[in-house]
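Both complexes below contain subunit A, partnered by subunit B and then by subunit C.
The block that comes next holds the complex of A and B.
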């Protein structure tokens, strides 16, 4: 097991009360596996990614365990954690336009990771940065160009190059296709496939997305998040073919290819979550029990879990 | 780059033209007659009507506005800034004789402020609301509030009269430079530190700082490389304005320390209605502002590659 998350709970203290961003999240990731984390905006997907890399804002409080190769990253001192980031666990963020430093050349932004973690000399790092750019489809001579000189798709390629510079075992991509043209999205999906399954079969990826199409194209397993909880997870094919949770079903129906049926109602405020199952106010099959007890994870088949009383 | 500089120099010509025209108008319509003031100063007696008439004729002050204006502009194009009514010396010479000390003072004060102010601001931003942040904030507030003339006098009292380490006033050795430079630097250092902190804090919240952290870079690299290069741009602007101010003469400090710079001479010329000196100094000051701003623009290009791009695109 490469990554095992146990009962991860992250909350923020705000003036209005506790904001529980993720609550009791259990997640596992095997070497070479691509896990998709899908859900609406505000469901806690990004917070989960940040918790794994220990990059949560200072106002956040995290409890539970994030075991990476058996080591609890949450308990790791910052200096040790720094050596894990970028080298073993790399994370890239949505919106490459603001995630790349405008004052530094692309080459420098790649080379500095190599100098930091691989101990390469300035010249070697530059050389390697050029080679890495070529691998992600950017001509090596663009090493001297700055982010503003690249197109959106090229910037995302550069971001991916930075993330993969030190060949991490776990690659976390937060909404890598957001804000890109559909054709560019397809290229990025292709690239993400090439740099994981294609380049290193042992490399795992956690793909955070709200785009079910992207998730279907790339992932082996799928975890659906709702209001800070993982309400269904299983093999991607299985979840798509046989969704057990009403929310998963609603989410799949909201996809244009399935008729663009919007999920009824609004996602709940994370400060005042409804009691019982968080989804019950929007659920058409809600019973009395759903309004009282939070459902625990129920096994459906070998590798398919659902948190629903009706499943 | 060269295009940028050429463009700025061309616009500088217009800036100077407008500056000189404005100063000429203001002076012309300002109350008070230079003839009266200058004669009284030179002879110590109230001038007679005939004396005033003669003085104005000698210095072409009786001509109409437009004629005077054109006359002055004509001389300006030949590099002639005229002759001081007060001292009878060419304005350019009066200026060059005093610019050296002012330049020394300005550059030394700016360098000192940058060396102390910027690191303080950066370190305060790196650990906001820490003890260091609070202490420097209070000290900076004090530094900004202290009036220069008072600070200058206190420093004199302490370091020259009581301790006898440094000369009280005057110009010459490096020792003479210390007290006036410190007096000037306190306020500039404080404002630079505050400005640097604010700019740095803003940048530290941006997305690419999160990326830098996710790359596993050291905190020092994130702050001194990733954040600083972006946060410096607005600070450089302020720095340019400060330097421009100082090069135009630090009147109070020059007066307190009897520093033979242009500031004090300029103010005295205003009292004496010494038109050629005032106009000449306004022009020269405008030139210096333009040059300092050009320097700032060049620094921008180094700090922010997007500026380079815009320059090329147009």
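The block that comes next holds the complex of A and C.
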């Protein structure tokens, strides 16, 4: 097991009360596996990614365990954690145009990472940066371009190159296709496949997205998040063919190819979650029990878990 | 090459850089341009008006004013550049640390800066030189002692806004150390705005050096420094005005050249800095 998350709970203290961003999250990731984390905005996907890399803002309080190769990252001192980030676990964020430094050329930014982590000499690092750029489909002669000279898709490619420069075992990509044209999205999906399964069969990826199409194309397993909880997880094919949670079903029905059916109601405030199952106010199958007890994870088949009384 | 193009298109920058290049050339080539030793006293030809032999005339000791002005370029230009570079580097380093780490370090540094900002610049410089004794190194100390605070304040402000940007988070997510993030990500983004400020300060510093020398607390006689020359010439202001006019013109033009250059640079590098600098 490469990554094992146990009962991860992250909350923020705010003036209005506790904001519980993730609550009792259990997740597992095997070497070479691509796990998709889907859910709507504010469901806690990004916070989960930040918790794995221990980059949560200072106002956040995290409890539970994030075991990476058996080592609890949450308990690791900051300078130890810094050695894990980039080399072992690398995360790239949504919106590459703000994640790239406008004052440095992309070649320099890749070379910098190599020099910092790998201790390469300036010249070696620059050469390696060129090779890496070629691998991600950017001509090496563009090594001196600045981020503003690149298109959105190219920037995302550059960002992926930087993230993978030190060959991490776990790559966390937060909304890598956000804000890109559909054709460019397809290229980025292809690239993500190439740099994980294609380049190193042992490399795992946690793909955070709200694009079900991207998740379907790339992932082996899928976890659906709702209001800070993972309400369903299982093999991607299984979840798509046979969704057990009403929210997953609603989410799949909201996809244009399935009729663009909006999920009724609004996502709940994380400060004031409804009692019982957080989804019950929007669930057509809600019973009395759903409004009282929070459902625990129920096993459906070998590797499929659902948090729903009706499943 | 982009830089050359930008210089050609921007009239302020063009005129500023030409003037600065002329001053630098004069400073470097001084021995080849001048005919006389700047410190060569010849009482028999004192206070000659400008003429063929002595382009700008001679001063109260019979020294060639033209030679003294040319040699004076070295002192004014290089002292000012040294003071400004030290201030810029100190301010950038201290300000980045304050802005990046925040908390107690920030409070400590910024309250010190506030206290220092409350002192009138030239008066504190006068005190420092007065206590340490007038010499070129002490002049530098006096101008750096208060000079760094302005840069620190502005660097801190810039760093505060830069450190919230996405690429800083991205660098952290890839395991960048604090030192690496400050040096490679924050400073390159803060530097252009500070460079503009620094160029504009060069002119200001030339004036300060001249002022301190004029008061007898900077560069000492017989060194040919423009402020000191003004001071020596002030007794002849009504009788032989050329003794004072030429050093004055030299100061004016050198300050002007750096101001033109700085203004031009600001238009290119950082149009937004206008607000910051006007405060």
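The rule is simple: the second predicted complex is superposed on the first by the 311 of 311 C-alpha atoms of A that agree within 3 Å, B and C clash if a C-alpha of one lies under 4 Å from a C-alpha of the other, contacts with A are read in each partner's own complex, and residues count from 1 in each chain.
We take it that contacts are C-beta pairs under 8 Å (C-beta built on N, C-alpha and C of every residue); 3 or more make two chains touch, one makes a residue touch a chain.
The structure presented is a predicted model; accordingly, all values stated were derived computationally and were not measured.
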Superposed partners subunit B and subunit C on subunit A - clash or fit: clash
First, second, both or neither for A:240, with subunit B first and subunit C second: neither
Partner chain(s) touched by A:83 [first = subunit B, second = subunit C, both, neither]: both
First (subunit B), second (subunit C), both or neither touched by A:149: first
Partner chain(s) touched by A:12 [first = subunit B, second = subunit C, both, neither]: neither
Which superposed partner A:103 touches (first subunit B, second subunit C, both, neither): both
Contacts of A:92 with subunit B and subunit C, given as first, second, both or neither: both
Which superposed partner A:55 touches (first subunit B, second subunit C, both, neither): both
Region of subunit C that runs into subunit B when the structures are aligned on their shared chain, from 2-10, 20-28, 38-46 or 56-64: 2-10
Set intersection of subunit A contacts, subunit C complex versus subunit B complex: 53, 55, 82-87, 90-93, 95, 98-104, 112-113, 116-117, 159, 162-163
Complex contacts: residues of subunit C adjacent to subunit A: 165-167, 169-177, 180, 184-185, 188-189, 191-192
Of subunit A, residues touching subunit B in the complex: 53, 55, 82-87, 90-93, 95, 98-105, 112-113, 116-117, 146, 148-149, 159, 162-163
Sites on subunit B touched by subunit A in the complex: 206-208, 210-218, 221, 225-226, 229-230, 303-306, 309
For the subunit A and subunit C complex, residues of the former touching the latter: 53, 55, 82-87, 90-93, 95, 98-104, 112-113, 116-117, 159, 162-163, 165-166
